[in-house]
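Each structure below appears as structure tokens.
The following pair of complexes shares a single chain, chain A, combined with chain B in the former and chain C in the latter.
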Partner chain A sequence: MGKYNEVVQNIVRGMLRAGLVEEVLAFARGLNESDIVPLFITDQQDVDRIVTISYYPSSLAKLVAEYRDKDKKIGMVVRSCDARAMVELAKRQQLNLENFYLVGIECYGVVKNRDKGHEIYIFSKEMKIDGELKPLDEGILSPNCRRCEYPIPTMADVSCRIEQSGETLVTANTEKGRKILSAANIPIEEGHQSDVTAMKERAARWQDKEFGELKEMESKERLSYWLSQFDKCIKCYGCRNSCPLCYCEDCYLGPERLLIQREEIPPQRLFHITRLIHVGDSCLNCGQCEATCPMEIPISKLYHMLYKELSGIFKYESGLDIDMLPPVSAITDEDLVKPGVDLD
Partner chain B sequence: MIKFVPTICPYCGAGCGILLVVKDGTVVGTRPWPEQPISQGKLCIKGWQAHEFIYHEDRLKKPLIKEGDSFKEVSWERAIKFVAQRLGEIRDKTGPDSLAFLSSAKCTNEENYLLQKFARAVMGTNNVDHCARLCHASTVAGLVAAFGSGAMTNSISDIEEADCIFIIGSDIMSQHPLVARMVMIAKEKGAKVIVADPRRVQISRFADLHLRHKPGSDVALINGMMKYILDNGLEDKAFILERTEDFEKLKEVLHSLSLGEVEKITGVAKGEIEKAALLYAQAEASCIIYAMGITQHTTGTDNVLSTANLAMLTGNIGRPGTGVNPLRGQNNVQGACDLGALPNVLPGYQAVTDDDIRRVIAEVWGVAELPSHVGLTVVEMMNSALEGKVKAMYIMGENPMVSDPDISHVEEGLNNLDFLVVQDIFPTETARLADVVLPAASWAEKEGTFTGTDRRVQLIKKAIEPLWESKPDWEIICELAKEMKAEDGFSFSSANQIFEEMRKVTPQYAGISFTRLSQPGGLQWPCPKEDYPGIPILHSKVFTRGKGKFHPIIYREPAESPSDEFPFILTTGRVMSQWHTRSMTGRSPALNAEFPEGFVEINPEDARKLGISDKDIVEVSSRRGKIQTKAKVTDKVTPGVIFMPFHFAEQAANRLTNPAFDPIAKIPELKVCAAAVRSLMK
Partner chain C sequence: MNNDFEPKLLGFLCNWCSYAGADLAGVSRFQYPPNIRVIRVMCSARVDPVYVMKAFLSGVDGVFIGGCHPGECHYVKGNYYARRRAVMLRELLEVIGLEPERLKLEWVSASEGTIFAEVVKDFTQTIRSLGPNPLKSEGI
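Up next is the complex of A and B:
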């Protein structure tokens, strides 16, 4: 495992040593090799625990948004969905990107259920099964990852492309990125990002398949599909608690607001639709809502589908650029008469 | 500095993993722990909010001694001296059996072990019990008799292997949501789901068959299913022949039974019972899941034995996806039983009446002898307190003033004591009656182990130092024992040290150590040796007792039936965001707000007859008392049945419930009593 993580670990060591950041948030080994947990690292000796295994069980952006020390400079080892979430949070004044040093790793998806015989890293386009190298089986990836169009964390300060051979190419995307690489004594390379064509094709194929299955349904059938999914909801609020875009301190869905009837399980069906309306136009398809759902409601599919519709109409892409505002903030009179908006 | 501390949820018995978020020494949140095998990165609402009560201002901060009508803060030294002196005096004057101890299903294994050791070795009494008496005493009694081991036969993760899942008396999606997850996964893979529950609970929406039998008619229902299986030759003859005994006795009882009669008793149509029997008997692997819906009855043990009969009759035991799977309600109720916080057994379910066992354990504990007669159970303790036979009680982390049946009676009993000590994290309804209140540290403030419902022993980690002047329960017991000149057996300085002694006298835990537990998921007992991996499925080749034993069970009516004066059957249970007596959830804003007050569910038909509308204030009464609460008019209950959650001290369902108990397990009939409802609206 060492060779794949070495560059990332070197960068983190460099950032800490040079004092660019006070702590670094990354996924790391916990109680044993397969226990992957978020870890705030301040001590050089913990850097060795950082992993890039194909299993990132929570949104790091959510963790810093929720728990960080507001006055600290923090480094993060991120995938592009984490990096994009950071951009969206910054857009919404929930954090200042100047305080964060983002080290991105190209990511081709995380597995849904881990098989201990498989060796897969987030940057893998292949997988090792019992030691033998095979093409990546898309079927074992988390559904949101299969639909993902953003393998390269261009919005991070640094992006690392790691090859199965262990070779790593590092690119600085920002001035902060150059500082990071210089602190880690890594020569600054440019223009070595991967070709994303194959990834975009994969994403389109899976989006067509998964959204297509829903769109093909008669409207009544589609409604009853979602209602029966919502019937499984146990109101754990895990989707909200995991969503990097859900940051309201006083949540609309909370029991004190009485908008969603309390003392009732499953919650009224509009529970999920209400959250959809709140975050749908900027959904990052990070899949956290679905990953934490005890009842495996395919929430991410619903949110991502609506996002793609809106994204097509308003030519808006979430998480790429801090200056690109979501439709809700940027809508114009012209937008209101576009096909598909149908306000009348 | 932010740390994520891996530990175990303090609520139900599923044993989910959580990461406590600790920022500069303060717990600020809870996140799921992906690698933990039960919860797998998911949590229910209680798990997500597990941290919320820790810093509540109500926490007991200093030891308290009652002076007149109020409590006075005192030093630990003074409190311990006082308790030691009073317990000593009472023991010397009226004998060891005038003392009684309630241990706690919320405390760690180490703490339960120490409290029962203190009761037995220092005070000399077997009067030690805990609230397992109120939830699964009948499970332990029934499954020990049938199989030889009173625990869940299979594992939580194993449920997804089932082809048919028979859930009886468990509101699983509210009360064990991460176990319900396994049911949903099995269903997704094609498993059939049968739910037997008088109420329309959430899981019944996903059931292939929902049998809404009358509360208390479980034996008749299962006997009916078995009758149909036998009549149609669907039993597993080879399994019965090779693995079981007393089949003829069961057959004899079922011989004279008619399904028409069963239909009358249960209120479930004959055809439905037949369908259930077919689904269960014909599946490759069928699993039974149950909870307090069948245990809290005067026929609790009979109900449990009936599930064992059904599983053995069809060979559905000892294989993946099968088994008889009680879902234990509390984080460590399994462990509290395992470690001997019961009046009839020492750690490891070893009978107090067995001379050899007592001798061996007395030697490890360094005492000359241990009491040899079976002690009092929870309900018997309260009765004895009222009769004046029990003079002093020591209650660790329990709240009988809300949790026990007929709490007016409990109150009289506790008030009649000469001396009551309550050790808790919050000033509970019970603590208010105490002479001395000792502040305990919460689960986030100490080390130790919890044992989940599937026999899974897991480490809990100290995330922060004990708050205010509180101390971990085990430290308090050690200090008390030292004060009573028993320091030799109680000079522990860590939970690990206690565990090391504990495993010497508990065969199921002998191979487990803190080092071995330092991995996600811990180990499942029985684990007799250091190189054993632990056992996910019990009884796979032989039953713990050798052969599985059939018990012929005849249906008996509940202790109370509806009458003209009390025409309803009142059944009780829990809601999704509250926990038992609310001492924790009531102080967790996110949880309390979901279900802030008590209510009574009543069917629209009954409500109309009584002129009751939704949210009306009504009076609910039984032979024991009356309370006022809010009506919820809903078809979740059938006509003739009303339901109340038991959490709420202000609308206490247990003012009404019946303390009549099962003759074997002594579990009270919390699930059925006769009651009346009337509107209080003008």
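Up next is the complex of A and C:
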């Protein structure tokens, strides 16, 4: 299936050859051919291992923010949730976007569980498994992807759209993007429009369904639903460790902070509520928390639901604009003239 | 509704305005319900949303945050932060299934002893009609 990955690989190859970046982080085949792992690529020959199939097992933004040296020039092959995570982390002074060259892949959802040995590509209404085109089965998508409204990585420097035929259309979104493409000798397809209406419709439908179910409940019923979910927790810290927005080195939930008791399982409900308070205002709905959770607690649904409510009130969309600060931790000039205890 | 229900309220009062307002209510002998327990904080922005949720999870029926009027904050902008957090917290309460009315933010200045007494009276009444914190019956 070289055709599907080829253009992205060529872009990466061009970036490395021209010395724009020292290394590239992307999902690629691991030592075992059927594994897909995040890989830091410095060597031209490893570029062939990069894959673009609809599977995205962890947040690359989290990886670079945590482990990399701050001044290195790094290229990344990301989907829009991760490109948005990069913007959110840059807002929080965790990384400098100047040092990153983001190659975005247009994404209509990724699968929740991957069948090893099968190649799956998801398009807005169809999916292609091992070269065979079928109508899209929404059941195989990750639950957060069904609710996702951001198929196009406009915040990345370059966005690549993989067509059903395997051809890839490439657009540069920024000056850096044009630099990348000229280094890789790839023609820019200006102005191709992607049809996002099907995706938006799907997102609205699933949000209505999943949030609607909860909103229809009596508040007491909803409370016991969430408490019973929280009580499944085994305090593995997986949600915190996989969340691209949880960047604190000294975490509030760590045992040394004495907020959450040691050796207590399930943890106090405050564990989940604290996480909800900390990331709820700018949750990216990347779904990493839920995908990691061994107890299958639908946490991304909870965070996304609060985020949707808050984004209406604060007129805030996370991950799109680096100058738009997180609404709960930054006040604006309009706040100063409002006299009431509410914002409206 | 159980008539024996006496709400337990927690108040976070800012040192410069609301706490002084509560003090004034006390020395002027304005009557207000004894249901509120007060914690003095240096600024309403000192109230971490986690504290509020910890209070609810510990069985408090209502949380009151008192801050200075906009423009009068001792630390210039603290009360604006408190306001944004309160807006967020009310939505959060709604999402997880607690009544958002259980959290109240009000501006009370140091000279507003009567207003403090009035606010506490109203808030106690609201919580009394809402009934006990449902988390209590869920087991805390």
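By our rule, the second predicted complex is superposed on the first by the 310 of 344 C-alpha atoms of A that agree within 3 Å, B and C clash if a C-alpha of one lies under 4 Å from a C-alpha of the other, contacts with A are read in each partner's own complex, and residues count from 1 in each chain.
Rule of thumb we're sticking to: a contact is a pair of C-beta atoms (placed from the backbone, for glycine too) under 8 Å apart; a residue touches a chain by one contact, two chains touch by 3 or more.
Predicted model only: the values in this text are computed from it and were never measured.
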Chain B versus chain C as contact partner of A:Ile188, first or second or both or neither: neither
Let me test your reading of the model: by the given contact rule, A:Glu309 touches which partner, first (chain B), second (chain C), both or neither? second
Just chain B (first), just chain C (second), both, or neither: which does A:Arg222 touch? second
Taking the superposition on A as described, I'd like to know which of chain B and chain C A:Glu256 touches: first, second, both or neither. first
Can you tell me which positions in chain C touch chain A when the two form their complex? 49-50, 53-54, 57, 69-71, 77, 80-81, 83-89, 91-92, 94-99, 105-107, 134-135, 138
The answer for chain A against chain C in the complex is residues 214, 217, 219-227, 252, 259, 268-270, 273-274, 276-277, 280-281, 302, 305-306, 309-310, 313-314, 327-329, 331, 335-336, 338-339, 341-343
Parts of chain A lying in touch with chain B, wherever the complex brings them together: 23, 30-32, 34-40, 42, 55, 57-58, 63, 66-69, 231-232, 234-238, 241, 254-256, 262-263, 265-266, 291-296
Which residues of chain B touch chain A in their complex? 1-4, 6, 19, 21, 23, 28-29, 31-35, 39, 41-45, 47-48, 173-174, 177-178, 180-181, 184-185, 188, 202, 205-206, 518-520, 575-576, 590, 593-596, 599, 632
